[in-house]
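Below, each structure is written out as structure tokens.
Okay, so chain A shows up in both of these, paired with chain B first and chain C after.
Take a look at the complex of A and B:
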């Protein structure tokens, strides 16, 4: 099949699937509901098959680093290969025996989950430095942001109410009357943008995600 | 038996009105009516980001965020697609300027799309050999994706970071890491909870619908730009509805709420 037909086929399939899903959201048509359910199952199957692609991508990339002895990386790539093989093997053993292997569970719970939690906790430091940058009163706008930020911080920190009972009231106002309308405006405009994007995709006009954007 | 599902009639009506407006303005633009769209500073800065990388001889880091790890997510999937749309444009610029671009993602089902987008972009630039699948880095899940990205930034010191898509807490981490290495940063998301972090850490930010509109602006297709005009008209309709709802609310009248729930 030529490249052009292949590409057109992608947009035709995407358009049909989107139209069916949209119709079944609004209308109760038993025949189409069945089709929509099938589409969802297919989407899940495609997603699961893509995990295989992801694994191939990982192995390919790390194998190249090992092969080329990429400075500062190849040792980690080799370590990845070892762990990947162990987890794959234990996963397959678990699949064969019908129950998750104890070592597999241990690595997942005590290594992966712990490291993920640690990384998440470190985010606090990144927020501190981002807040420091945002809260520098370089102009009127930044000064207003700083004042608002101080009130909200002292609202959330228990010491704020101890210093002055007005902090939680003013901070609460910033949180509700100040923030919510702005965030809802963003949500509405985002939804409109999504609607327009969906419509363009439905008509096959949005082709950027197939490498056809811009000259 | 009602064929329209209860509670979705007005939503359907609004959808039909929206689509009719988009279509009308797309047709108008097609027939020659001038539709002008303001230039997004973030989009205008993309050539500068690529040029900077070319001058410094450094690569570009590109990511579309966590996006809940799948294209199937109704709120995150379209953001990932919008990010991939812009990726095509960036890759073409990189190909022209001989700049390496490394794409990082934890979204496994986006991999074939990304590969095809990058391959097509290089092909369209007459540089098919420029495409190297090894520049697409997949990490399964948020933490590995984040650590791989941080490691990459420290090792390779990319000249520019482009982060467009559905972000979660990785936004502030990547943004700050990019700041630390002095990279020029262009970002965008339609996730309201991450916008403050992106605005604080990046040089240019695409906010909410700008992320979806950016690819239309890049395409420069008047036909596509017409949909943006339709979007603006819809904003006025929604503003009017909010105004009417506000006045009715003061009068303790729930007619509009009941109508919208139909």
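Take a look at the complex of A and C:
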């Protein structure tokens, strides 16, 4: 099959799928509903296969780094391979026995949980340092952002209302009258953009997903 | 002798100083709780009010789309909601997407919810585990749950679970709660609420609250719990204090510290602006 046919086939398939999904979202057509549901099942299967494919790709990539002894990387790749193998083996043992292996469970509960929570919590320290260094009223826009931010912070923290009852009222105003219209604008313009993207896909004019962006 | 003023020096303080100040300050409320009063706001109250109307036997869904890293923000609200639903006698179905660690989160919710002790697995609640997320999966779940799940997390065919007898699509749920660190709640709004009318409540990290608020104000979400503050308000409303209320003192102290730092930095900035 020539490259042209292969390309056109992708656009035709994408166009048909997009048309079916869009029509069934807005209209109740029993025949099309069945087809749309089948497409969704296929999409789920593809997603599950993508997870497996991602794992294989990760192993290949790290194996290459170890093989080439890539400077500054191969040690981490080797460590990844060790941990990946342990988790994979323990997971497979759990699958075979029908119950989660105790070590697998222990690693998740006592290693992964602690590391995950710690990494997220550390951002608080960075934010504190960054707020001191970067949050400057250099111009009127930055000053408005700064004042709004301070009021919203003191609205969210219970201490704000204790210091002054006006903080939650003004912070609430910043939230409702300031932030919500802006967020609605983003949401609506984003949705309109998505609609345009959908129509372009439907007409075969959107070629980014085929690796032809910018052509 | 250096001609640098105190304001000049304050502009170049080592970042580790801030880390230590924050660390030590955060210790204070944990060692000696202050107990600032917590007022309740309409978004978490919306969740409480809607959950209050759930009748015994009605099926509710919790979709855990947040990972362990978001426990501080999302877990207290999830626990408060599950405890309240159990008090109401609701049947609860749980699944999750986006994070492969949801098993631990669900285990933690069960550990913190003594009300679930009397619940019988398969009859009063069921847990389906993790599924990969895309909007198509959520659209499919809205139409046919059995097309996505044939077994629960423990390998039992879902047709063997009494709780699933009359449940197969979005319309069969009285309401659903989505705990989020990302976009999944938006998928539920589009595929479950807009298309099928399923009421949706959102439990999100604090950062999500600003993005979710327009959906609460438009009525697409019946309630919204943003960050640990939302969790604390729910704990207060349900009368079951938990982790979030304890955290509120630390939130107050840390926020106050950040505000103080911003003011100090700006005073320094204006004091030294002429020199630059």
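Odds and ends about this structure:
By definition in this document, the second predicted complex is superposed on the first by the 204 of 215 C-alpha atoms of A that agree within 3 Å, B and C clash if a C-alpha of one lies under 4 Å from a C-alpha of the other, contacts with A are read in each partner's own complex, and residues count from 1 in each chain.
The definition used in the following text is that a contact is a pair of C-beta atoms (placed from the backbone, for glycine too) under 8 Å apart; a residue touches a chain by one contact, two chains touch by 3 or more.
The shown structure was predicted, so the numbers you read here are calculated from the model rather than taken from an experiment.
By the touch criterion defined above, A:120 lies against chain B and chain C together after alignment on the C-alpha atoms of chain A.
Once the two complexes are overlaid on the shared chain, A:67 sits clear of chain B and of chain C alike.
In the superposition on chain A, contact of A:109 is made with chain C only, not with chain B. Legend: residue contacts after superposition of the two complexes on their common chain; A:195 is shown touching chain B, with no touch to chain C. Once the two complexes are laid over each other on the shared chain, residue contacts for A:85 go to neither chain B nor chain C. When the two structures are aligned on the shared chain, A:154 is found in touch with chain C, with no touch to chain B.
Chain A residues 25, 43-44, 47, 50-51, 112, 116, 119-120, 127, 129, 131, 133, 183, 187 lie at the interface with chain B in one structure and with chain C in the other. Considering their complex, residues 1-5, 8, 11-12, 15, 18-19, 22-23, 26, 70-72, 78, 81-82, 84-89, 91-93, 108-109, 111-113, 116-121, 123-124, 133-134, 136-143, 146-147, 155, 169, 172-173, 175-177, 179, 190, 192, 195-197, 199-201, 207-213, 215-216, 218-221, 223-224, 227-228, 230-231, 234-235, 238 of chain B touch chain A.
Across the complex, chain C is touched by residues 25, 33, 37, 39-41, 43-44, 47-48, 50-51, 98, 108-109, 112-113, 116-117, 119-121, 124-125, 127-129, 131-133, 135-138, 146, 149-150, 153-154, 156-162, 168, 172, 175-176, 179-180, 183-184, 187 of chain A.
The touching residues of chain C, counted against chain A in their complex, run 13, 15, 18-19, 21-23, 36-39, 41, 67-72, 101, 103-104, 131-132, 134, 136-137, 139-140, 143-144, 147-148, 155, 195, 206, 210-211, 213-214, 217, 227, 229, 232, 248-249, 251-259, 261-262, 264-266, 269-270.
Listing the residues of chain A that touch chain B in their complex gives 22, 25-29, 43-44, 46-47, 50-51, 53-54, 57-58, 60-61, 64, 72-73, 112, 115-116, 119-120, 122-123, 126-127, 129-131, 133-134, 183, 186-190, 192-201, 205-215.
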